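Next come two complexes, and both contain chain A; in the first it sits with chain B, in the second with chain C.
Let's look at the complex of A and B:
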């Protein structure tokens, strides 16, 4: 192993251990930060600053990619042009918003009028698409699992929303829906989460022990 | 005459027998010399007339073969004009009539060699002779001979390469110098006579004597043929012999060799000089090798002197000029296709490297390459001395040119793998019958065999043809484009529009018409009122931290769900602080405060009643950092003003100083991260989570475990809290639309699923392989 690799591995292990110990001994009895807590906070501050800078880097990269598409007149260059115009405009409005109330108003309206309705509309389209897919499900896959999947979805829908003129269906809303949502669904999801947690723990230990060195940049 | 004693078994035999009657060993060839023959002939002594064919008969088989090979190897394309073939080319004819005396016995000797050695057969077959025009006489002779009488053909070929006589019909020997026919014949011609005796004195196993040796000896004029007599008349004076100095310690013949050695040195760059000096050290015996070479050189010298042979070929620049009958030979040419050559020949027809060249150098022995017209006279004198000591020849010391005439396979086989002992095959028929291991049986002949011919027509059985047809049908079916049903696409698109229209109407009509089709809910909330109770008990002057971590797409559900609780806080005048780990969170917070019913009516002002801290980068690390030191993590507001010195957050040092921590999220993972990173740092500050319905199954365990003090999930819980607070808001507005829309969706799914199942089942029944 080269000196560079040893150096970076040592730094990674030390930082990981400091942050981990900061969880356990970061606070004194009076609630104030201990030395380990302050070390942990300093390291986390660096991480937050780097993460914020990473967002800026991502925005810059997005800008360059679409500018190249426009320069080379690739397919969808018009959409790239629209993206760049919107990005630059929003950026300028955001920079001026603290100092210009008019700019702040335009900045908020651009979000409320453009971004939020667009994303909400996509969610509404998702509702229609899911409905159509559920209709077509048994045509393409007429089997037991498809039937179970479809029946479960119908039970959750009927148990979540009140029936017109009827209100809550007593047995379905109080027993069936909570049971399906809390027992089978949560059990499956928890199993997945436990697996993810064990994998995360193992990965963290491997990094702490130096077995994995994802920070080498390769 | 007394009985002859067999040299092998020692028993006496009658003198007329040629072979021992007891052991079968040959007697006469060994003992057939007369006492006069055994006596060395002195210089100047009158030679005894003797037919050379007599000696040729007693030569060992190898020597006869060598002679044949020598004459066979030149392979000069001959014609009837250039090389007159005597009509008596058959074995039984007198060869002395048409050929010089020294070659006359070859034919007979060859014809009598019934047992030809194996390498001799190889020589005959490997001879790289170009197809030459054969005269009618020769064709007749060949026809008479038959294929098996190969040795007779050797004699014919030997005659064919006999030096061409001059235009006047004189042979090459006839063109000898005049002095040769007189009593004062040159020494080299007089020495021809004792050569005969010398031949007789040779041991039976000695192969050193050849026909060339006889050519060096003197022949009496009466025994000479006519062409030789004419040669005596027209021959020029013999070439002067270079003076020899310092000959006291060496014999005469060696002294005569010195000038020649000097000449050889001039020719071969010193190597012959070394050989000469070494031979000079030999006491009065000439190396048999050197004697043979000299004898051959003498013959060739005579040919050149009398113009019998044309100019040396240009290809002899390294080894000396070649006679004309060797000029047409390409030493690198492959053997003719008709011969079963035992050597590898590459694609270009060249023999493999130097071995091949060595093999084909057999066509012209090395002594022929050493011939120099200027040295003929000197070598004639050497021949005299050479004839005196033939008995010193040893059977194992073959002359180089004899060694070079070994079978081609023995020359080339050095590079080949030696055949194993058990792999040798004993020949059963032909001239090589009884010999073992003569011809390579395996590896050498393998590549030369003609490859078997296979039919290019494919043999396919009926079953294979049927399978091939199946495969072809499958491949064709895979690559065949399927027709796209336009009508079906139109139908699907219509169904999609119809479903969208029904859902829009189901949601829109109750919303915009204000029709309440759904009754009030009687169910309890997810946390059974814990969140509402908690919020009701919060102090009014302590700020509450609210996290906006949901996407704009789900803002409709989250705003409606959070409005009753945030409105309750606003009614109390509780200062608020907003933060988000989503870039759109700060904007959503501003929107929530300005547009949401039950909230916007309170006219909270940013910077005074609430503070928007903005976007917190770093995900879980940012959450942890913010939980540890919120003032350092988010020092300013979105307006760029200090967040913690003035306004509602004045005096707040940590998260535990907030009255409550409320999280609005639609993602269970985000909620889990906040619980894991910030929950331990909250102290006594309660954490309440307002989430989307889709995240409830994964977040509820945190509420059940007590990490969350309150949990509000979806529109149903919001409706419950609105009803309990008796303040209808967005939940009330959406409630009927939510009820009708969900019911329509359920009906569409049920009806559509049944219809799809039936149509799909019918489609599969019509065409089992088709996918619906």
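Let's look at the complex of A and C:
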């Protein structure tokens, strides 16, 4: 490992340990922050500030990727051109917004009239995608778990949706659906979350040991 | 004393886990442990082989896990897998690409890809290989979908913090008839992935990627520690239920 790698690994481990200890012993008996707590807060503030700056540089990366697409006339270059025009226009409107009320109004409208409907239509597309995926599920994995998955999804859907002229479906809406949602589903979800928590713990420890280095250091 | 008790308890759990991980990795260095078969990882190895043979590309999407939150663990597990996969595909004609929905994660993915490029057959690093595709869930998905479609990709790995938008990505991959392995730490996304992905990973299987892809002895020992802690939790839950049932708690 090069000296730069050793240095970055040492900093990452030291900062990780300080934040961890600050998290566990960050408060005094009277509820005020201890020295470790203050140190942890300061380190986290620095991390948040750096993450904010990273967004700016990340947008630069986004521009670079799409400009390369246009330059090399790759597939979808027209969409890249639209993205760059929209990005620059929105940026200019955002910069002008505090000084020009008209620019502020156009800036808000561009979000409400373009961004929101586009995201809503993607959400609608998602409903169709999921329905289609459920149909394909049995073709892809024909096993007991997939059958249970589909039957459960169907029962919950039928028990939740209000039906025309019927309202709730007796037995399904007041017994089956609450039972499935509150007992097996909650138990399963808690089991999965415990597994995720244990995985998170060991992932964190591997980073503290320097075994996983998601930064230059190998 | 009562104010530092939760801290001490948390510290004890972490300390014991750390000691166990180090001890087990030292003990098991000579005889690697055998884990249950997770078919998704076996198929991922095959897909990686095809990527190298065909001269196609591998795509790893790391999700939107912000590094300063608890969602970062899944993204960090994704980065570990990215590093390992970049090493495994280093003999291929085209370097892998990594997409993410968080700027800090993008820089880490670029760092990982740059490190891997030093030992690769191509020898050069493409700064656009690690990309930020969007900062909101759907803009992120909308940015990843063209990458899946247009960049000669034959294997997709979606590993990190995703929401329901994961279905749009798995659908895009399915349309291109490419291999797709998907995992998320988000419960809703896991349900969506189970229904839509070719190779879904559920729960802690996401964090087992390093152990199954031979990323190092600490990865294998961390899986054993997870199992030990899981049994401890099961015992605590059962004893607690029993005590509650008998009126002692």
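We adopt the following convention: the second predicted complex is superposed on the first by the 172 of 218 C-alpha atoms of A that agree within 3 Å, B and C clash if a C-alpha of one lies under 4 Å from a C-alpha of the other, contacts with A are read in each partner's own complex, and residues count from 1 in each chain.
Rule of thumb we're sticking to: a residue touches a chain if its C-beta (ideal position, glycine included) is under 8 Å from a C-beta of that chain, and two chains touch if they have at least 3 such contacts.
Everything numeric here is computed off the predicted structure, so don't read it as measured data.
Visitor: Looking at the overlay, does A:105 come into contact with chain B only (first), chain C only (second), both, or neither?
Guide: neither
Visitor: Looking at A:195 after the superposition, I want to know if it touches chain B, chain C, both of them or none. Which is it: first, second, both, neither?
Guide: So A:195 only meets chain C here.
Visitor: Using the touch definition from the top, say if A:119 reaches chain B (first), chain C (second), both or neither.
Guide: In the superposed model, A:119 contacts both chain B and chain C.
Visitor: In the superposed arrangement, does A:89 touch chain B (first), chain C (second), both or neither?
Guide: neither
Visitor: Regarding the shared-chain residue A:55, is it in contact with chain B (first), chain C (second), both, or neither?
Guide: Both chain B and chain C are touched by A:55.
Visitor: Examine A:140 and indicate which partner it touches, taking first as chain B and second as chain C; both and neither are also allowed.
Guide: Both partners.
Visitor: State whether A:163 touches chain B only (first), chain C only (second), both chains, or neither.
Guide: First partner only, chain B.
Visitor: Now for A:211: first (chain B), second (chain C), both, or neither, which partner does it touch?
Guide: A:211: touches chain C, not chain B.
Visitor: Touch test for A:47: chain B only (first), chain C only (second), both, or neither?
Guide: In the superposed model, A:47 contacts both chain B and chain C.
Visitor: Hey, what residues of chain A end up touching chain B and chain C alike?
Guide: Of chain A, residues 44, 47-48, 51, 55, 119, 122-123, 132, 134, 136-137, 140, 189, 193 contact chain B in one complex and chain C in the other.
Visitor: Quick check on the complex: what are the chain C residues that touch chain A?
Guide: Touch list, chain C to chain A: 3-4, 7-8, 10-11, 13-14, 17-18, 21-22, 66-68, 70, 73-74, 76-77, 79-80, 83, 103-104, 106-108, 111-112, 114-115, 127-128, 130-133, 135-136, 138-139, 141-143, 146, 150, 164-165, 167-168, 170-171, 174, 185, 187, 190, 192, 194-196, 198, 202-204, 206-208, 210, 215-216, 218-219, 222-223, 225-226, 229-230, 233.
Visitor: In the complex of these two chains, what residues of chain A are touching chain C?
Guide: The touching residues are 20-21, 24-25, 27-29, 44, 47-48, 50-51, 54-59, 61-62, 64-65, 68, 74-76, 79, 118-119, 122-123, 125-126, 129-130, 132-134, 136-137, 140, 149, 189, 191-196, 198-209, 211-212, 214-216, 218.
Visitor: Could you pull out which chain A residues touch chain B in their complex?
Guide: Counting only chain A, the residues touching chain B are 23, 26, 31, 33, 37, 40-41, 44-45, 47-49, 51-52, 55, 97-98, 108, 111-112, 115-116, 119-120, 122-123, 127-128, 131-132, 134-140, 142, 150, 153-154, 157-158, 160-168, 173-174, 181-182, 185-186, 189-190, 193.
Visitor: How about chain B: which of its residues touch chain A in the complex?
Guide: Residues 495-496, 499-500, 503, 517-523, 551-556, 583-584, 587-588, 590-591, 594-595, 616-619, 621-622, 624-625, 628-629, 632-633, 638-640, 654, 656, 668, 672, 680, 683, 693, 696-698, 700-701, 714, 716, 735-736, 738-743, 745-746, 748-750, 752-757, 759-761, 771-772 of chain B touch chain A in their complex.
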